[in-house]
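Notes to accompany the following structure.
Chain IDs A, B and C follow the sequence of writing; residue 1 opens each chain.
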Amino acid sequence: MAFLEVQDVVKRFGGLVAVAGVRFEIEEGRIVGLIGPNGAGKTTLFNLIAGTFPCDEGAIRFCGEDITGSKPYHVCRKGIARTFQITRPFNDMTCYENVVVGLIGRDGFTGETAARRRQVEELLEFVGLKDFIHTEARHLNLIHKKLLEIARALATRPKLVLLDEVLGGLNTGEILKALDLIRAIRDRFGVTILWIEHVMGALMQVVEKLLVLDRGRLLCEGEPAAVVNDPRVIEAYLGEADD
Amino acid sequence: MQDLLLYCTNGLLLGVIYALSALGVSLVVGIMNVINFSHGELYVLAGYFSALFARALGFPVVVAAALAVLLVFLFGLLVERTLIRNTYGNDMASLIITFVLSIVLQNAYLLIFGPYPQKPPNWVDGSTHLFGLFYYGNQRLAALGVGAAVIAGLFVVVKKTWFGKTVRAVAQDREMAAMVGVNPDGVNMFSFALGCALAAAAGVILAPIFPVTPTVSVGVSLTAFIVVVLGGMGSLGGCVIGGLILGLVQNLGSAYVSSGYKHFFGFFILLLVLTIRPTGLFGRKQL
Amino acid sequence: MPRRWTPAFQILMVVGLCVFPFLAGEYWLHTGILCLFYIMMASSWNLLAGYTGQVSFAHAAFAGVGAYVSGLAAIHFHLPPLLGALLGMAVAAFLGLLLGVLCIRMGGIYLSLTTLAFSEMLRIIIDNEYEFTRGTMGLSVPFLLPVYSKTAAYFLMGLATLAVLYAIRVIVRSDLGTAFRAVQNDETAAASLGIHVVKVRLAAFVISSTMAGLAGALYGHYHQLITPEILSLNLMFFVLAMTVIGGMGTFVGPIVGAVFLEFLSEYIRIYGQFHVLLFGLIALAVCRFAPQGLMGLWQRRVRALPS
């Protein structure tokens, strides 16, 4: 039984086929990269896994359970959390409250307890937002918003985290820190990671497997070094450069 | 039989006007995702204007009607620019603002025009013998014809012209439209005003038959909303079908059940749609 | 205001509110009672609109449900008004649940449209079933208490208002309140974190409708005459304007707005119809230039002052 199985999923928007029959599997405990040119359907695929959109065809199985057509809150409770390409923090709420929402989503309305408070503080410290614990999310800069989304996602105690372009807009020093954080997510929480990223150099340092999507189809998958030298992949990216 | 045909003809007439008025709401929802709660007040405003121009200023009825629609269109531009533009992306704010605007307008009408019903003169006199069964007012037949013509005109504009294509592009993907050089602010402003103008058109067409008072607006708005939900939000074709259905149901219902409950049937339809098929007859799946 | 003043200020408020009925004349006492009614209405509407971002136009209608249910129960079954109020609340909650289940899953615009339609239709039923409801003539119902006393009514309404405000305070500070605000801020993000958005919205809708039912029932028995006017969009507009002008999404905003507009309307009542128009214009100006309402302006001012 595979950890996450995506079985020939298809998603159409009107006449446009965004995801045209993608099939792959992910093993537990891995950090997997998902790359592809713009418009390849990466974020749409995330939205299908997370239940934001229903699949038109195909199935998604997680830990042996069919989650096709499940609503987002249900998928989250099954153990899949996500971040957003364009960050969506709860702007009017503090970092502390943002993380609490994740805990509520997972555990229900338990009320504020000392244990919960400690959990929130630990999570914020883990991502490096300890100093902003009572700052409203609207006042955070982009990096901090991304870190907050990660903390919030981890609060739901996921088995799998979907990261959507967490490195975009970061400088080199910040990228290095973020890479450490992503490794730590896996090592400390034992969370499997599926990660969309455009910053290839950074991605290659961390991922153990790479999936390449092009025009809604899975172009190839495998060891990162082998995949980036695959002629089909080079062609797909060169094709993009021509446009 | 004779009665039934009469009620159906009445239902058809009302249905066409409901469709016309609802098209204005649907257009604005489709493009801007804004529901204009003061839709009915614009209908009433046009009714007052046309009565005023025709009676007090002695304009020919057709000129008075056209002028009324034009003025409401300009008023729509003004409202969009001053009140609605700031609320884009915040559906709640536009709901609240247009609701407050509707109350403001109702009370302003009460002060300016008084509580008494007002009507512009008929465009045509006399009546026609229909189906060899009953006499039907020529004014009503004219309203039916003009209403249908305006709807047909709107469909031509939306489906065939450059403006229509632009509008549909913005409705589908605002950012993409902006990238290819469409000014979404301009499109919004124009569409909102066009929505208002459609309410106004319905107003000037019906005012000679059903005189306007400051408070008929609530019924007009509600009817338009029900038609839009019935037809499916953002679907123009659905609006026409929905309007006709509601017009017929209301007339037959009030004839055979109870006239006091005329507007109740609309609500019943609304509940039915929400229970059975919340996206409406021709609605897009997702909003 | 500096934090150390707060307890003293609260005590002063409570004392002030307790002696008010003994100092004020009949007329101002009546105004005070109306204020309490509006505070309940605006605060509970704010729980829905301000904290979860759902604009319901049926809030006045639910007050009407509470009033008519309690009133009719008192007339036909001789139910004491205070028990009737509980019944009114229960029926308002039940109708709120039904209406909410129908329209909340479709999103914000549907809620607004359906609640508007619901409130108009309820008014039509009450107008038409005059044999039962007395229509626009109004339904005469017994007073809140066995003995008529405005002062007692004031304290009773005051207690109910405190209960409603306290409940709102507790809810907003609880996990449910956190979920409310998360859903309002970004429902997609909230759902991605395991929050059942529809259930959270429904909870807010039912709670808020129940509170409106209570307010309406007490108001009806205080007036001793229930008319369809209570379900009208005018009352709905007052509640909305009070909340918007005071400041949506704040605890104090609706209270300030309710007191401000109620007293203002007493002062400008002599100008007849103008007061609704004036409120509308004020509300439009606030929406446009100070979306956070009076509370927002006040907070900005406090922040601007050197500390």
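The criterion applied here is as follows: a contact is a pair of C-beta atoms (placed from the backbone, for glycine too) under 8 Å apart; a residue touches a chain by one contact, two chains touch by 3 or more.
Because the structure is predicted, anything quoted here is derived from the model rather than measured.
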**Request:** Quickly list, by label, the chains bordering both chain A and chain C.
**Result:** none
**Remotest chain, chain B as reference, centres from CA atoms** = A
**Fill in**
Per the C-alpha means, the centres of chain A and chain B lie apart by a whole-Å value of 46
**Message:** Can you work out the whole-Å distance between the CA centroids of chain B and chain C?
**Reply:** 32
**Message:** Under the definition above, what is the set of chain A residues touching chain C in their complex?
**Reply:** 50, 52, 71-73, 76-77, 81-82, 84, 88-93, 97, 100-102, 104-106, 109-112, 152-153, 155-156
**Message:** Which residues of chain C touch chain B once you look at their complex with the stated criterion?
**Reply:** 49, 53-55, 57, 102-103, 105-110, 112-114, 116-118, 120-121, 124-125, 127-128, 233-234, 237, 240-241, 244, 273-274, 276-277, 280-281, 283-284, 287-288, 291
**Item:** chain A contact footprint on chain C (complex, rising order)
**Value:** 174-176, 178-179, 181-182, 184-186, 188-197, 249
**Asked** Tell me, which parts of chain B touch chain C in their complex?
**Response** 29, 33, 35, 37, 82-83, 86, 91-93, 95-97, 99-101, 103-104, 107-108, 110-111, 218-219, 221-222, 225-226, 229, 233, 258, 260-261, 263-264, 266-267, 270-271, 274-275, 278, 287
